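One structure is given below, represented as structure tokens, and several questions about it will come after.
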Amino acid sequence: MLIVMHHHASQEQIDQVIAAVEAMGFKAEPIPGSLRTAIGVLGNQGYVDDASIRILPGVRETIHVSKPYKMVSRDFHPASTVVDVAGVRFGDGQKPVVIAGPCSIETEEQMLAAAQQVKSAGAQMLRGGAFKPRTGPHSFQGLGLEGLKYLQQAGKASGLPVVTEVMRIEQLEVICRHADMLQIGARNMQNFDLLKEVGKTGHPVLLKRGMSATIEEFLAAAEYILAEGNEQVVLCERGIRTFEKSTRNTLDLSVVPLIREMSHLPIIVDPSHATGKRALVPVMGKAALIAGAHGLMIEVHPNPAKALCDGAQSLSGADFSALMEEFSGLLKYLGH
Amino acid sequence: MLIVMHHHASQEQIDQVIAAVEAMGFKAEPIPGSLRTAIGVLGNQGYVDDASIRILPGVRETIHVSKPYKMVSRDFHPASTVVDVAGVRFGDGQKPVVIAGPCSIETEEQMLAAAQQVKSAGAQMLRGGAFKPRTGPHSFQGLGLEGLKYLQQAGKASGLPVVTEVMRIEQLEVICRHADMLQIGARNMQNFDLLKEVGKTGHPVLLKRGMSATIEEFLAAAEYILAEGNEQVVLCERGIRTFEKSTRNTLDLSVVPLIREMSHLPIIVDPSHATGKRALVPVMGKAALIAGAHGLMIEVHPNPAKALCDGAQSLSGADFSALMEEFSGLLKYLGH
Amino acid sequence: MLIVMHHHASQEQIDQVIAAVEAMGFKAEPIPGSLRTAIGVLGNQGYVDDASIRILPGVRETIHVSKPYKMVSRDFHPASTVVDVAGVRFGDGQKPVVIAGPCSIETEEQMLAAAQQVKSAGAQMLRGGAFKPRTGPHSFQGLGLEGLKYLQQAGKASGLPVVTEVMRIEQLEVICRHADMLQIGARNMQNFDLLKEVGKTGHPVLLKRGMSATIEEFLAAAEYILAEGNEQVVLCERGIRTFEKSTRNTLDLSVVPLIREMSHLPIIVDPSHATGKRALVPVMGKAALIAGAHGLMIEVHPNPAKALCDGAQSLSGADFSALMEEFSGLLKYLGH
Amino acid sequence: MLIVMHHHASQEQIDQVIAAVEAMGFKAEPIPGSLRTAIGVLGNQGYVDDASIRILPGVRETIHVSKPYKMVSRDFHPASTVVDVAGVRFGDGQKPVVIAGPCSIETEEQMLAAAQQVKSAGAQMLRGGAFKPRTGPHSFQGLGLEGLKYLQQAGKASGLPVVTEVMRIEQLEVICRHADMLQIGARNMQNFDLLKEVGKTGHPVLLKRGMSATIEEFLAAAEYILAEGNEQVVLCERGIRTFEKSTRNTLDLSVVPLIREMSHLPIIVDPSHATGKRALVPVMGKAALIAGAHGLMIEVHPNPAKALCDGAQSLSGADFSALMEEFSGLLKYLGH
């Protein structure tokens, strides 16, 4: 940590800061400058809570060099992690994984049709939401337990592992029995109690980036899961909230290479939620693969026009087959 | 809802959209323009899920006129709601309420001292966090149940009702026994299962705006609580996330008059979290009162320099006393 | 400046950075930490261009302690500046100034009526746009030179100094002859050539914050004007662009106390452009005064329903008179 | 345009709005709903200024269906425009163009070396800044006219057309004589007078997206140039300002396919400014090509460690050669 003093800070104020740092058990190293003095903090083993420093008289700001995460960082875990979901592998050296399926589980027939379509087109995993986070309480909230059964059944029929979103801790046990991977949605990325409990299950986790989460916060959220002993975490970029409203969110594709450098965890991209527009999904999916994504998550619905949720961003089975052929060519070009 | 067709949409495409709207049980009213045709949707009783419309050929965009909430809206509930927390009243016609206390509960002594300080300075409610949402797992996470006891004890000793944050559903029962009001933090504003369960308790709720929540999403989150039969909801603006980093968040004070116009629920302001800077708390607190806030939430710590959390934005007891005197003058000027 | 090395940076890489810093004529002070080494840069007289450092192998990031401005900073100019516009004074110790008038100058009669209305209501300065920055080329672009004459005439008739926006350098001479103060609009805040030329005129300047300008960039833009020898600069907060669209912009009121602390220049607030809603202008205007603004800029139009520009946020003459009475009471309360 | 009335609007208020619309020469079509009435405006040939409507009693909001641009829209100009810069062609059906060179022109030798390097690596155009927009006045502002000469000379020596930024109208004539294409930087995207004058020159223009410009504003800025009779405009996405600070800006790659659909103008991407990190330039450049960009703009410096500007995001000549080989493979895969 670096403590920057005000231009007019007195020597007494500087001494007081040094004393406070030393009282915390660290070493303080003053760096006098021509305009102001800065004080380096040495000897900390990680992130320092600067609350007691920032408020001392004469302190202008504190600058953190350490980060609020460690276990997810490549600094301390250089080897890339491969996440294995019932035989489907995400990570460096693996062929990128395509997860596909409808936003929400609606009927047994819909799920079986969707599973068959995405399987025959070449997807490696099946998605479907049984518990749906909706902005208002008057929208369709998902089929719940009944939906989970349809999902599991469709997964078995097609031979695809399945992933579904978990929204509350009490659902964890039953979802772990029905699904191969647990999804934490963007709105729950900082639901820290849920993260801890998901960590304890040991089940593979798909952690979506919060709508306005910085990369630092995103990695710190994953750290909650790893801190409970669960390293089977796949990160997912799904667009961030910005001033631009012509797409549903702003796909922040640069985080893919950045997170690959900062963390050993795999990162995938969800172009369906990021753009909210069916016509943009294929092109942004391919861009994500070029950017180094370890996989993609794509909404496919047997009949998008009848979808109860997110129809505008869902591909039909036929669209998805065509897209998978495009991906296939691109992946060959990329050496997979 | 209004459906806007592309410039080159064919009559056949327009007819298909009209048929789809009618199939949903609504009336479609075409509005031919010189550049493009728009189609009005009539007869809906609320928000229409446009998924099946947006994807039809020739549709450029759909525009919602209805909102994803209704019960929180002044349109359907013109009279202002007054929320009563053990005799402390928030709402139109009431003197603005000041809630004060430390960010996190640290020791029995700290809480008793804080309660005594804020009480004698004139605060009407006491705050303190027993369960703390922290960005990373390696920061202090709160004292938990032990903290709740200190809080309740300090509330009783000072005669102040208490509010504390709830982060998981299993905590609800015990927190309801120890606290007079439940706080939903910014990170959990869209933890919809928590909102529903909080709604079922009937306990007064303090709902903080999410970091990147629009007003529409904020009100829709409150709608989850009201939809369970609980109207005792106080909204709280605490700053939003923007590009500007010189304050911890950007205090969006304009929402105070706007929400007073749109909703019948009371709205308060938290200048401590919004600014993150102790020196800005008094001035922005006064600005919030002028803007029409029904109350303020202010961090006060007996010894900010030793605070385990958010010390930089906490006032000392003496600072807070001085501030309450300023508020007192301003409230008199405002007719309270 | 502080240079933070990667966790795995070698001693050789550290030495190379030290050598590069010394080659720039500064002193380098290594601060070894348990996780990584940081290197302090000493001896610089201001902002250091870090281009040649950031790209050296082993460097993770550089952190600036100095700022890209100096003359606008209170650090180097502790006494508050008072800006004098033909006898109207902005700054500490002065009564806050209200500038009022229409968004755009439309006719001679409109300007005379507006001037008379705002003068009789108690405004100290008159505004009106002759050259209008409009999003698209097909909207009304202002009356130009003819408008300037109407403005000057209305100013003389009412005895109020006038301010108007300048959009191009060639207009400077004629605008200086017709107006007492030059306004730089939000879209031109980083039109650096215009800033320099405005600086050379010596005329008082009203500099509006750019839509997505940080405080640092805002102050650095003012620095361009001061660097040409012109200290007569009034800053103006007019809302920033965020994800929230229920107001035209997000009024960032916390910058008022912050800028008062960081800079010696006066700062005023434009609640009309910030909110875009007539109903919010009075309340946010009062909040700005409480927050310490040295003045307000308010759109007033004799007939808002017929305004060619921004009618929705303009007050009528009668509304404005009522508002000035409210301000008057508040200013008395504030000791003016 | 659609006018949405308040829930409680009276019939009299509705009639008043209808009268106002008809007074503007348009037709008003009321659409009564169960919750509120909306009024469609018909007969307008383009964007309607809603100022006089929005402020009528009972009006909740107005919704625009028309856009503030027309000439740049594919609706009215379906055929894709190809921009020709001294024989180098940008647009549909053309091989994507790579523009490369240093951020700023520093010396004759540097420009000649850069030109030779980027030419031999396969770039089709040369860039270099003679007039530099810098946040603060104390940073290097560019070599000015002398720099222009070095640029032109380097262009001639290498046979590459050159592009350079124009910051003020008086520079236009001399820059047109020295450069083949005029660049409008992000900070000047809404410097409307500059846009108009650039339009009058007829010279090809590279228009960069403003830091916080919506797509609508970006296209409306281009409309200013086309409205003066100059269709030779290439758009450039260079990252937008968001809350995320781990990259210099947030590259909004989804606008590439979106703008290709909305407009007939070519669009290129600048991954250097968007990311601000040398290591991300190659991967995001390739992602941009996959996303359909008609070209790329890349910073290359003979000696990035000595660059006076933006060294951290500049590639060396050797890096750039390697990158061009990667591009070459990808372009072949894409059919070029």
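Order of writing sets the chain letters: A, B, C and D. Residues in each chain are counted from 1.
Keep this in mind: a residue touches a chain if its C-beta (ideal position, glycine included) is under 8 Å from a C-beta of that chain, and two chains touch if they have at least 3 such contacts.
These numbers were taken from a predicted model, which means no experiment stands behind them.
Visitor: Once the contact rule is applied, which chains count as partners of both subunit A and subunit C?
Guide: B, D
Visitor: Could you compare the number of C-beta pairs in contact for C-D with that for A-D and name the larger?
Guide: Ranking C-D and A-D by C-beta contacts puts C-D first.
Visitor: Centre to centre, by mean C-alpha position, how many angstrom separate subunit C and subunit D?
Guide: 25
Visitor: Rounded to a whole Å, what is the gap between the Cα centroids of subunit B and subunit D?
Guide: 38
Visitor: Indicate the whole-number Å distance between the mean C-alpha point of subunit A and the mean C-alpha point of subunit D.
Guide: Computed value for the inter-centroid distance: 31 Å.
Visitor: Could you say which residues in subunit A touch two or more other chains, in rising order?
Guide: 46, 212, 216, 241-243, 245
Visitor: Residues of subunit A touching subunit B in their complex?
Guide: 20, 46-47, 49-52, 54-56, 68-70, 133-140, 167-170, 187-188, 190-194, 196, 211-212, 216-217, 220, 223-224, 227, 241, 278, 304-312, 314
Visitor: Mind pulling up the subunit D residues that touch subunit B in the complex?
Guide: For this pair, the touching residues of subunit D are 2, 4, 6-8, 29, 31-36, 38, 40, 42-46, 63, 65-66, 75-76, 212, 241-243, 245.
Visitor: Please name which positions on subunit C make contact with subunit B in the complex.
Guide: 212, 214-216, 240, 242-247, 250-258, 261, 274-275, 277, 279-280, 283-284, 286-288, 290-292, 329-330, 333
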